């Protein structure tokens, strides 16, 4: 079973069971961002996580195995970047604030980067009378450049 | 005075006074991300903010006027995206988690986007015995798509 | 049912019933631009709108559900920009008058943008003895850049 | 005098006289969009218009001659399309609503296009208690495809 | 019936009847360039033209209807530009003589363009003892830029 | 003297003498398209042609020598293709009619191409009460593909 | 039968008969480079050549007809240029020695080009004790630029 | 002295002395293609070759040193590929005959490539009553892929 | 059997037999990098190697023949470069250290390159209490540029 | 002093002192790859390293300060990838062996990547009677993907 077939099977089961990603995450015992990304084919799960997920959604063993396999990440490259939801948060914010981010990382930590591997991300809804707000929290280990 | 000349003048004065962006932000009374982005030429300041900033750094009126002018944002386009600091946080995270972000925004809010205009961003250092961590918080107003 | 299948089903029913987008819009109770974009897969409808549309065209429940789903917008990216109708109105006008538009928005409103989300668009025919004219009206909320 | 030098001279004089594009347009007797685009180097003026403009801003004959010369239009190509003001109104709206626009032009007029040459554009501020709005009106002659 | 299916049906019938585009054009009563482009899916025909064409080639009503539909033009974008026949005549000639063409149009007509819509094109064989020659004649209405 | 310096010198002298390309072509004894392209740096002249041209415009020997040198053609690549005058006549016509042109060349001549080297081009003004027209005539030797 | 189907049929028959391109070329009576390129779909054959080729390989009439049809050349564009065999000989050699080639063609022949149409190419094996060598010979008619 | 300055100095001296690349090559004792490419900045010379070349052209020691330095090859990337002389011989021939070349190399030699490093190239003029011809001979060592 | 079908057959058999690439390499008697690349379709095997591999995995003769055929290498071009594993090791390291590598090759060897054909690569796991490390060893023959 | 000025100063001093990167590395007490990359502007040095380097080369304090500043890495993006030395080792090897590398990293380590930050690289000369060889050793920490 390919990652694409796995993804289709999960999205279909999720729609039939009318579960949200939040609910699925609670069942699996991990964060909604992580669960969603693994189901879409951009992360891999442990044996236990894959078992809980397929149990919750009533899916078979091949789905669990596909979830555990290492994915080809960023498979769609730049193609999804034209969707306004994704464009704003990553491409535009990156072009407008990327250099600023670099300045502040170097000021606070020295020469190095924020890991995108030892990394977590959360997406929250902040209620606000003037209009609710989307909050993204990214948290990655600082990795200093080695001098050898 | 162009935005490029303004930027050069501020970076020079900042180096001479040996001030950090954090210190400058405190003097101006706003966030380090905002101050840095305005000084790099990607945001505009109010009259008052520009006055405080040039006062703090001992810079002239033309710098203040340049800071208040509306910038051409994202002036460098994709060119800075090859730097590893910027690549990881925006381009790679966007390609790996962009579709996940879209799923969760729609699940929590319905059809719409996170604004990149009514938007704030913060960069923090989270101390951790296993290695300090970089934390980015983005916070943007949810804008629902109009149906007319 | 995918958005592509939904689109094909609607275009087929529309051709069979020989209805125009204007007529369909009147039945649904919304603007022709909005109805067309939702049927082509670039906007989502409310429960009520989707019900009226499928009722008018004699289509089933899966079409209504597909219409209500959040779309991946701008799915074709730059590919359709070579068609002369689309090239002229958006790509060429954007390249020739984009900087002018930016100047005038900043002169009239200050530092900010015209929303493409809280946004409406209309296309009208203006009869003229020297040759009829196409009139596009775009209307988007002004969003000022936040300073924080 | 090149178009670039002309543009710089006009922007400098405009800043010194503290005139808006609206005021300049009134003096020249034409629309703000047209005047701005000609001054930025994307349109050419008649002898009379160029004379009024340079008279109003106290500029010399070479500026008037440069204004009358046929420009290389769209000189910056796609480069300015990353600025959020320009991106939203032309690139994103074109990708999201371009196919819709094409459908409606063909429904109302038959096989042809909206001219971008026999074309006018206006940008207006619409006051609104829920937040002011930017209104763009484009008006171009319909040109039917010749069959020969 | 899509434009692609229409195109395939016409090319098959043309091969079976062993007719040239010149012969088909004579039957339909229009120019060979126009007929060919409509059959390849880049132009639309009138009711009468489509009827004659399908009559001549013994094709059905759906082909006629597909011929009358407004096409998505330039559907293959730059992809065919690598074929040497097309590369020479349009891409290379455009890069070598494009600026020259612009100079002469402005010298003879003022600020404006040659329409590609109110436009005809012919391709002829000019016999020559030193080697036959290909002659392309393009003829498009001059459209002056509006000043408003 | 580089081709760029040569070009600037010729355009300056042409403006001072207020001569058109048509007039210059008559003096040199060749076609306006050829003269213009050589002066813009896209073709080379014979000794005699270069002498007549520099004589007519009162320019020195280095200009003549630069005119005789083999140019790097198509130096601006695709960059000028965004100008509407050049876009319409070459890029858009090439994308819409390129495949049609290929069909007709093969029908009339067999497998081969129209030369862009043994090639002439003319640009004419065709007066027309419904609006003057631009006529482009391209004439290139047919080159059959060798089979060896 | 499309060129792709023709190509597949020939490659299959060639493998079954265990013939080399050299052997096939000898049977057809033309050069190996020409035969190979025609079979891959990048050149067209005469009636006689196509007959001999299909005779040799025991293929039917539709294959012969497909071989005689004018191909869309360079169909794969730049896609094959990443294969090291093709990259070295054409893309890298072109980037490293292209300007040198241009200098020497102009020195020996004046302003013009080497035809890629009235053109032959041969590939030979040159035995050498220090390691065998690949020899490519290209031979194209010099075409002088017309001045008109 | 940079490679660009070296190149300019050599081209100027060559023009003053009115020497051809063939003559220079004879003085240096190597092939015209090699000499030209080294002078244009795409190859490096031995001490002896550089000495002879600067001696012949009356140039100083810094030119010799620059000639001996390892160059950044292919410095202009794809930019020169639009010039028709270079386009035909490398880009178009590569796209049309690249796959053919690969077939024949593998047929004659097995799995490997033609080196572009242990490589020579010659450009010759072949006189022909039907029009002179350009002959390019490339000769590169066959390198078999290692299996380890 | 195409290389794609061969690849799929091998990956399926490998999964069923639960063998690692290391184990397969040991059976075939060659390096894991070489075996993996041949099975993925980027290298070709000898008769003997292909026989051992298909014997080990219980696959048929067509798989062996496909393994022996010369592949189109780099078939996916830049597409896989977005995956973080591949991006880091080749694209980013190449952009950050490429110029450094060039400096050191020239310092140690003179003007030439490291072959990617007479080339081996190994990937090893280096255990380390602070975190295991990935070690890549590339070893390619130095090829000096020929001067002729 | 910018990184570009720093680089130029170091390369000039290095040439004058006729030191190799190996010798400089020994003086500074670190690896040749690291020293070279820092001097070219792609890494930053500690205070001590920068002091030793400028001491060895007789350069001033501003050079040391520039060496200590965090660089914009990968500043030239893909531009240098056309040079054959860099192309072979990173772009071609990455396209041919990238997927293989990914397979083996996952087989040996699980889901994660090789760090390009906690990373060292060495370039060595391996003498060999059949021709010396270039050996590259890359060594990066394995970073497992976090599941959260």
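Chains here go by letter, A, B, C, D, E, F, G, H, I and J, matching the order in which they are written, and residues are numbered from 1 within each.
Definition applied: a contact is a pair of C-beta atoms (placed from the backbone, for glycine too) under 8 Å apart; a residue touches a chain by one contact, two chains touch by 3 or more.
By chain, with names taken from UniProt: A, B, C, D, E, F, G, H, I, J = Cyanate hydratase.
Remember, predicted model here, so these are calculated numbers, not experimental data.
Enquirer: What is the chain whose Cα centroid lies farthest from the Cα centroid of chain F (Cyanate hydratase)?
Expert: Centre of mass proxy via C-alpha means gives A as farthest from chain F (Cyanate hydratase).
Enquirer: Between F-H and H-I, name the chain pair that shares the greater number of C-beta pairs in contact.
Expert: Between the two chain pairs, H-I has more contacting C-beta pairs.
Enquirer: Distance between chain B (Cyanate hydratase) and chain I (Cyanate hydratase) based on Cα centroids, please, to the nearest Å.
Expert: 42
Enquirer: In whole angstrom, what separates the CA-based centres of chain D (Cyanate hydratase) and chain G (Cyanate hydratase)?
Expert: Those two chain centres are 51 Å apart.
Enquirer: Rounded to the nearest whole Å, what is the centre-to-centre distance of chain C (Cyanate hydratase) and chain H (Cyanate hydratase), using the mean of the C-alpha atoms as each centre?
Expert: 55
Enquirer: Please set out, as single numbers or ranges, the residues of chain C (Cyanate hydratase) touching at least two other chains.
Expert: 33, 72-74, 77, 80, 82-84, 92, 95-96, 102, 106, 113, 115-117, 119, 143
Enquirer: Report the residues of chain J (Cyanate hydratase) in contact with chain A (Cyanate hydratase) in the complex, numbered from low to high.
Expert: Going by the criterion above, the answer is residues 30-31, 33-34, 43-46, 49, 70-72, 102, 106, 110-113, 115, 117-120, 143-148.
Enquirer: Can you tell me which positions in chain A (Cyanate hydratase) touch chain C (Cyanate hydratase) when the two form their complex?
Expert: 79-80, 82-84
Enquirer: Hey, which residues of chain G (Cyanate hydratase) end up touching chain H (Cyanate hydratase) in the complex?
Expert: 20-22, 32-33, 36-37, 40, 42, 73-74, 76-78, 80-81, 83-86, 88-109, 113-116, 119, 121, 123, 125-126, 128, 130-143
Enquirer: Flag every residue of chain E (Cyanate hydratase) that touches chain H (Cyanate hydratase) in the complex, lowest number first.
Expert: For chain E (Cyanate hydratase) paired with chain H (Cyanate hydratase), touching residues are 82, 84, 87, 92, 95-96.
Enquirer: Taking the touch rule as given, give the residues of chain D (Cyanate hydratase) at its contact with chain F (Cyanate hydratase) in the complex, in rising order.
Expert: Residues of chain D (Cyanate hydratase) touching chain F (Cyanate hydratase): 72-75, 77, 116-117.
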